[in-house]
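Right after this note come the structures.
First chain A sits with chain B, and in the next complex the same chain sits with chain C.
And then the complex of A and B:
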């Protein structure tokens, strides 16, 4: 029965993912063609560079690509190819869209995962500490720091980190992607920004659960505060935290353009912005598909984690 | 408190200063560039690959723009200027170890030539090879032949670079460095070509990386993480020079910042009206405030870095708003109540389009807004994609545009660009060129210059072209461009060729 409910939830998410991804791609397709300007010229600038551009180059783009074919035909041809796993080729680089998305997506996913994990490695202990002692020194310090950090734009956090660890101390490279140590500063930039919010969410969830009657009742019945925390507070506070954490992670998946640009990191955000500027239709539509699926996958994982943390939700799902 | 102490310690150490970032590899030269490379196909990448010492041509050029031997050690031209014969050097080999033969050179030109823009303008009848010579036969004399044959879209590549149908497969060039690793669009790793016919490179490897964000390049320079960093903002020069690891070298390029004008508009339809706009621009102020050097203020169309095209005798472009106002008053453009001029119901107003990729352009646009207001011109600013300038030129909606133009970088003769910008009916697509300006004198002068390779005959045409541009102002030059290069203190010298923007990698050495 439980397995069937879980399977139904997964199926529902899959159908949702397909519909969302297709809707997103369709919207992107429509908006690219609504934008004013000569698409062949934009693609040619992206491909050859502005300065060495010639009229022949623009015309060769117009001739060699599909961009001036009837829109309905273009769209349905793309849709047909999607079902065979063929997302076409970039109009600018002529490389396969799948390989381009795979490379940039993998970079973004790796950095997002590290930054996200880093943020929770900091936020969970401090959030719990602050939540268990509301109004205490840790609560007040984390509240102040959270407010301060949350108000800083991510590029400023990045610049501060670069100034300290690259320019002054010379410990870490300021930009690029030539090894694991190149990930530390951008991941820390993301992590610090995310933890500013998550530490307060964790603190509030823990504090609210800790004040609940069932926790007090379990202690009256003889459970030690530690066991009451593990058995009741942690489990009950985890559901909203897991949902929030999943949301934060999902938001990272379409790239973090400012951080990618500052650290010269070849991720999805940077790639999609450039694709938009040069009207690289296959990359934009493939990117929209990918982001749609990734959001759905993260939502699914979040749902499953919440079900595991709070099996009572299964009853709700069944009814 | 426990957290605050280590954090304070880190900041304190940081403020006190530290060592340069990552220990640099003595065998590897690292260059950070501004542009990404989408493909290695010669039309896209030829110029970049020539700058990086990967590909070469049968001839080369000095930093002064003089044509010198390249893969050909000598050449002759027939008396009627229709036949150019090049004798190849016998010690040149491609990166795959095969010799550079006349047949290979012929194949390369025949395969890549039809797609090349500049080389394609040569009235070429035939290419043939015999022994160690390659002969180009022309339909008509063509004065820029030696320059145009250097078009980097047509480098000399090995036969292995092409498939049986003539399709491009890979770059197998002849330069002092060859490609060993490729991670487009950002990274290229080169290795020394040990059998190179000329001076071998001092570095075993060269790593070329793209970083499009100027702040990122500044951080790389400050951290000492690269040997050469291209195009650093002027505002960061002092900071970089104080870093102790990198210093800035300013190189004046054959490039200018220009105000493009739609000559079909009544506000700019006469040379006098355009001169009024030119007189309203305080070039020295702009060059000092934005580019950090008042000497970069343009005094005529071509910069002194192109000495054959720069004429010191010309009256320099000056700043004289009073004279500008007098011209406009005389032309019947009267000021309205809001201070903006008007004539026959047409307001003296328009929008300047520019783009953010060159950070100084939007800043200069704002300065121009203030300066043109002094002569009663209401200037709006639109910062968008550079393509929108070209689109405006084509559909006639362009009022003004602020952009840059490099006069020489692909071939060592500005005529390639001047011909495209001022002597053609169609709009050049690179956000450059005149807009709705037609001048038969100019076209005749360009045609005359291109009709002969006799230097004595060409010189008057050069002066004529420069004079027409100076007097007619179809485009208003604002400043010449000096590019700031970050150069690692570990390097002995920075020998860049500013004309062709060639890194000359094989001449870069570590300081003793």
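And then the complex of A and C:
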């Protein structure tokens, strides 16, 4: 029974990943043909720079890329390539898309992981503290701060951090990626944005569980408040928090595209935005697919973690 | 984006003491958007290269930017592009979503399955990615931006409307009116729509906040509305290099985004609390 529920969860997310891939590749394909402007020109600008551009260069780009091939056959070739993992070569740098994705993805992964960890390092202690004393001073201060931060676009948080730590104090570099300390400001920008919400989610989960009768009962039974907290509050409160993780990935996605552009950090988001500007379709496709797959994968992990934390859902699936 | 906004529902507690703060702020920013250009009829795009990066003065209360345009005029004219645009996007997205959700709940069967599967597929996309692709591929005009934002919004409204409609349709008083011979359209309009709309207002308020954030982010990335349009996010990108000489000019669009989004977050929270009170009332 358990195996079947888990298998169903995995299957559902696999279908999601396939559908997302299909829809994304079709969407990109459609875009190329209805998009205004000359694609070969945009690619040539990206490859050679605006100053050295000549008509011959544009024409050679037009000849060597797929742009002029017939439509229907191209679409199926395209789909076939996507599903066999053959993502082709960048139209601008001529490097293989997979290797570019690998490089940028690794950078983004590092940045996202540090940002995520930072956000939880702040959100877990303060969320629990606020949740154990609802209406207390910590609760009110974190609530006000979260509301303020949630009303700021992430690039503004980054600008404020750059203003304080690079421009005024001169402690940290404002942009680039030439060492570990270049990661601090972008990761902090991501982390602050994420923790604004996770601190409230944790607070609400903890406070709701703490009010439940089984917690009172475990203390009546003679468990010390600390043990009652670890055994009953933490475990029950972690289900909504784990569900929230998938949602957070969506936020992270918005966050890292903007933050990487702001800090000129060579990750997936930066790559995607630059590729969109220079119409580097293979890179756009690859980046979009990778992000879509990651989204499905994170949702799957979140589903499985929830099943593991709350086995009652397995029971529910049976009946 | 508005998934984020919805989680803020729990975030904002300040509204508990000042239940009118949110709605009042919303009214204020909407009034500024409508009346602003009349009260301050200065062109937002007129340049004056002899008067660049000037500090506040009577002629330019918020100073001028790097090519001598009046910041106050730009900020005021930017309101319809951020706030007005967001209101329009949310109104259309909510209308599509609510209609589809109601149809799915009322019809049931194959139609329900088809609509909800499609909704699920849309929700399986990270919304920001979709907006990026649309805006990026189609060249950052108003129309692609509108399409992209609406597409990412309606599924949430559809899901919400269907859930509440199903709940309401199962209630005894609805069953009674069905037995009394009321046609389905009348039942939907009179008994199902009011509770759905109540939640729609809540979700819509949060969505407006989230949409303004997305518009400004895309503007900042250079994939949204293009300069010289005085969209707030694009203004920030333009003014960022002059952060030293013109901090006030840079702060103006930043504050506009902040106050407007905060207004809708607080407003959404106030509406949510009202909706909750209504449910518990006898």
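Operating definition for what follows: the second predicted complex is superposed on the first by the 297 of 319 C-alpha atoms of A that agree within 3 Å, B and C clash if a C-alpha of one lies under 4 Å from a C-alpha of the other, contacts with A are read in each partner's own complex, and residues count from 1 in each chain.
In this section, contacts are C-beta pairs under 8 Å (C-beta built on N, C-alpha and C of every residue); 3 or more make two chains touch, one makes a residue touch a chain.
Every value quoted in this text rests on a predicted model; they were computed, and no experiment measured them.
Asker: Is A:277 touching anything from chain B or chain C once the two structures are fitted on A? First, second, both or neither.
Answerer: Both: A:277 reaches chain B and chain C.
Asker: Is A:196 touching anything from chain B or chain C once the two structures are fitted on A? First, second, both or neither.
Answerer: Only chain C; A:196 stays clear of chain B.
Asker: Report for A:226: first if it touches chain B alone, second if chain C alone, otherwise both or neither.
Answerer: neither
Asker: Return first, second, both or neither, reflecting whether A:147 touches chain B, chain C, both chains, or no partner chain.
Answerer: second
Asker: With the two complexes superposed on chain A, say which partner A:180 touches: chain B (first), chain C (second), both, or neither.
Answerer: Neither: A:180 stays clear of chain B and chain C.
Asker: Name the contact category of A:163: first (chain B only), second (chain C only), both, or neither.
Answerer: both
Asker: Figure out whether A:20 sits in contact with chain B (first) or chain C (second), or with both, or with neither.
Answerer: The second partner, chain C, only.
Asker: Return first, second, both or neither, reflecting whether A:261 touches chain B, chain C, both chains, or no partner chain.
Answerer: both
Asker: Per the contact definition in the header, classify A:292: touching chain B only (first), chain C only (second), both, or neither.
Answerer: In the superposition, A:292 touches chain C alone.
Asker: What is the shared patch of chain A, the residues that chain B and chain C both contact?
Answerer: Touching chain B and chain C on chain A: residues 37, 159, 163, 167, 261-262, 277.
Asker: Show which residues of chain A lie in contact with chain B when the two form their complex.
Answerer: Per the touch definition, chain A meets chain B at residues 37-38, 41-42, 44-58, 92-95, 159, 162-176, 261-264, 266, 277.
Asker: So in the complex, the part of chain B that touches chain A is made up of which residues?
Answerer: 10-11, 13-22, 35, 38-39, 43-44, 47, 115, 117, 120, 184-186, 209, 211-213, 215-216, 219-220, 222-225, 243, 385-388, 390-391, 394, 406, 409-410, 426, 428-431
Asker: Under the definition above, what is the set of chain A residues touching chain C in their complex?
Answerer: Touch residues, chain A against chain C: 16, 19-20, 23-24, 27-28, 31-32, 35-37, 139-140, 143-144, 146-148, 150-156, 159, 163, 167, 196-197, 200-201, 204, 244, 247, 249-251, 253-254, 257-258, 261-262, 272-273, 276-277, 284, 288, 291-292, 295-296, 299.
Asker: In their shared complex, at which residues does chain C touch chain A?
Answerer: 1, 3-5, 7-8, 10-14, 121, 124-129, 132-133, 136-139, 209, 213-214, 216-217, 220-223, 233, 236, 240, 243-244, 254, 257-258, 261-262, 265-266
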